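Here subunit A shows up in two complexes: once beside subunit B, once beside subunit C.
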Partner chain A sequence: MDARRDIPLVITFLVGVIAVMDYYTTFSAVKETFTVIKNWGVVLNAFALGLGAVNLFRVHGRRISERKRSDWPFSAWLLLMLVIFVLVGLGTGQFDASDQYQWIYNALYLPIGATMYASLCFYMSYGAYKILRARNLDSFLLFVTAIFVVLGNTPLFPALFPPFFHIREWIFKAVVGGAYRGIRIGVGIGAVVLGIRTLIGMETGYLGRR
Partner chain B sequence: MPVSSDPLIWIAAFYTIAATSYAFRDNILFKFSENTYIGAAAGHAIVMGIKNIRDYGWAHIMKGEMIYWVVFVLGVMLYFRFHRQYYWLYRYPIAFLVGNGVGISIRAAIHSDFIKQIIETAKPLTGATAFDTFNNIIIFIGVITALSHFIFTYEGMHKGTLGWMPKVGRWMILLALGASFGNTIMTRFGQYQGRILFLLRDWLGIVA
Partner chain C sequence: MAILTEGRLVPLVAFILAWIATYLAIQLGKQGKIRIRRIPGLDAIEEVVGRAVEMGRPVFDIIGMGSFTSIYATQTVAGLSILSYVATLCARLGAKLYAPQADVGVMPVAIELVRDAYRSEGKLEELDVDEQLPYLSGTQFAWAGGIIGMAARMKPAGNIMIGPFWAESMMFAESFNRAGSMQVGGTARMYQIPFFAAVCDYVLIGEEIFAAGAYVSGDPLQIGSIASQDWYKLVALILGIIGALLATANVPVIQNLLSM
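Presenting the complex of A and B:
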């Protein structure tokens, strides 16, 4: 057995099978083992976040030390923000529960995150302008439900023309409900097949280079 | 209402405007807010990660469950990814994470994407009213035809006698995607409205 490739495949198989068995059996040994596996998964995910931080320091640290790019001060600012969050979070000993942490979270992280997410409305509107044109039957179908949903969501159009609201509701109930259910069943079958292939070692991309 | 005197509100307002400024063009203010956000997000993730290590790992060791030392060893093994010779050691914790993720996604997919959706579909077509019956028929047609659109292993599915089914399925999917797209646009506009309201109400005190 090759310790470099075979043992990881065995680990994947055993952990995956226990996770599935936990759902379909009532054996206490399986339940207890899966509780440990779940906790280990949370801890390992946290360690993996550190891997991302190391990469950030490598990439931006190089930019700062080389100073070839004109935007290197932004890299320094990025790392400073990272360090400030970690120091405030760990320094108070209360992690995200301290007043100081909540202050920087509400002043920096929350407004920028919410604004960046919301700002996508401009690009989506532009995308809608480019895409939603009735060039052929397919694009007409895409356009017709989109326009009914957009207009049905505004306060003005349902007020002027009440059926707009009901048409929007009907589109979601019957058309979206039916088609998405078909898509979900298809996605479910795909996820199970891919999962089984991964567990039995037919998909090994996650192991990286040979 | 007067303009806010809270420094937190002023900083949040500055970053709200800076993050929005990209809608006009890429600029130094946006880059500043972008890098602030990435640094803050990474820092926040690390803080929450360390908290999780304490709550889900270290707390068990403190209770005498020595088996939890293993996960700390696995966690350290992740960092061998940067080692030239022993990089392959990072495969052990990755294999664990993949096994755990795949196992959970298989059971979730079977339950919520497969069994539950079939149970919801396999119901009598007749409803309480004629309109309910009509809706049930539309839903049934939507499920069957959309599903047929994803059958690629049988070539005859997309040609000949059965060829209409995936075609209708594609139309149903396009109708559904159009509705989802419209809904997403309106959701984002709703969120942007929230940010504008923050500037006008919490920062400038113009609206009540």
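Presenting the complex of A and C:
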């Protein structure tokens, strides 16, 4: 018996069976047990959060102390902001609900996040440019379909030429919808089979080479 | 009092049937009677690592932002299976692996997987966990920004992205593409598949990522276990066609059956 391999497999099986029974059955003992397991998960995740913070301090602390890389000031900035967020959260006693915390979150973090999200339009435009080139029949069909969908999505074209809207709707409902459902069914089945393989110990990728 | 939760009788029967089918597939796999189709995206992973060794540049393996407690847990497990495989290849062939982390619950498992892989290849001293598996952030765009920066600075030779991805998928795919990386992308998140298809060299579509762990293991038993996935899909297809025909004829038998 290889304890490093078998004990995690037994734990996975037991927790998995309880999770499955919680979904399908109404036994209160099962539901209560599963609630306790989920609470354990929350506690473990809280500890793991500390692990993430420790990793950040180790990696960036090392970069600051060595100063070999030109980007070490960014490491200092990251750790400074981390400390500020924690101190403001704990210092006010209201954690993330305090006005001070809300201010630094809304004034610093939110605009940066929104900027990153907005930059997606450039990534998508560039991706679209690369893929929408009529090099063969397949890419030509994709190109034509994309034209109808893009123009059908704008307010102007469907207003001027109503068929654009109907063609777009037809593409989405009849063509895309069918393919989408096919993939979705496959994903669902794949997830179920992966779950079963994990429960019976056939999927051991998450255990490494044990 | 009912033993079963309302509306879950048919799902339970389907689950039990899936379990039996998986067991049968494993038995057939043992006898070497199961053949599964090749998945080019998974076959290409070795090529990605080999390319990195030749170019003297690193390989990235990104498993996404999923956790073990969300509905995307299965995708995270699939991503971890591939991470274990990629780490083994990197340790064996001598490529530098980077696997930035976003979820603190998944991170310890990822670290252990990579450590195990390096240990089994006798290269544990070559692994710097803090540098190679850094925790970037649990917030989507901070994590994305960190990875985009790493890609721009390190110009990796390869990038493998298998797991659950959201809006950051396109950012990663484009950034690594611009850095000249050979890319294998795979996710079961429907909206992100087109992004990977547009930019990556190889794509794993939907359920292919769930077969990845067994596929790369090369173990006939594990390969056998994924054959049931295709059997079940065939049954779903047949039921879908019959259901559509019956529903068209205004006979909602299948619909009623599935809602039991």
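In the analysis below, the second predicted complex is superposed on the first by the 203 of 210 C-alpha atoms of A that agree within 3 Å, B and C clash if a C-alpha of one lies under 4 Å from a C-alpha of the other, contacts with A are read in each partner's own complex, and residues count from 1 in each chain.
Rule of thumb we're sticking to: a residue touches a chain if its C-beta (ideal position, glycine included) is under 8 Å from a C-beta of that chain, and two chains touch if they have at least 3 such contacts.
Given the structure is predicted, the values throughout are model-derived calculations rather than measurements.
In the superposition on chain A, contact of A:F27 is made with subunit C only, not with subunit B. In the superposition on chain A, contact of A:I167 is made with neither subunit B nor subunit C. Set against each other, subunit B and subunit C differ in how many residues of subunit A they touch, and the higher count belongs to B.
Of the two partner chains, subunit C is the only one that A:K130 touches; subunit B does not reach it. Of the two partner chains, subunit B is the only one that A:F95 touches; subunit C does not reach it. Contact with neither subunit B nor subunit C is seen for A:I64 once the two complexes are overlaid on the shared chain.
Legend: residue contacts after superposition of the two complexes on their common chain; A:M81 is shown touching subunit B, with no touch to subunit C.
Residues 20, 23-24, 38, 41, 44-45, 48-49, 51-52, 56, 71, 109, 112-113, 116-117, 119-120, 124, 128, 180, 183-187, 189, 191-192, 195-196, 198, 206-208 of subunit A contact both subunit B in one complex and subunit C in the other.
Interface residues of subunit B facing subunit A in the complex, by the touch rule stated above, are 7-8, 11-13, 15-16, 18-20, 22-23, 31-53, 56-57, 60, 67-68, 70-72, 74-76, 78-79, 81-82, 87-88, 90-107, 109-114, 117-118, 120-121, 135, 138-147, 149-150, 169-186, 188-189, 191-192, 194-195, 198. Note for the complex: subunit C touches subunit A at residues 1-5, 8, 11-12, 15, 18-19, 22-23, 26, 67-69, 74-75, 77-78, 80-82, 84-85, 88, 101, 104-105, 107-109, 112-113, 115-117, 120, 130-131, 134-135, 138-142, 144-145, 153, 167, 170-171, 173-174, 188, 190, 193, 195, 198-199, 205-214, 217, 221-222, 225-226, 228-229, 232-233, 236, 240. Looking at the complex, you find that subunit A touches subunit B at residues 3-5, 7-9, 11-20, 22-24, 36-54, 56, 71, 74-75, 77-86, 89-90, 95-96, 101, 103-122, 124-125, 128, 132, 137-138, 141-150, 153-154, 170-189, 191-192, 195-196, 198-199, 206-208.
Residues of subunit A that touch subunit C in their complex: 20, 23-27, 38, 41, 44-45, 48-49, 51-52, 55-56, 58-59, 62, 71, 109, 112-113, 116-117, 119-120, 123-124, 126-128, 130-131, 180, 183-187, 189-198, 200, 202-210.
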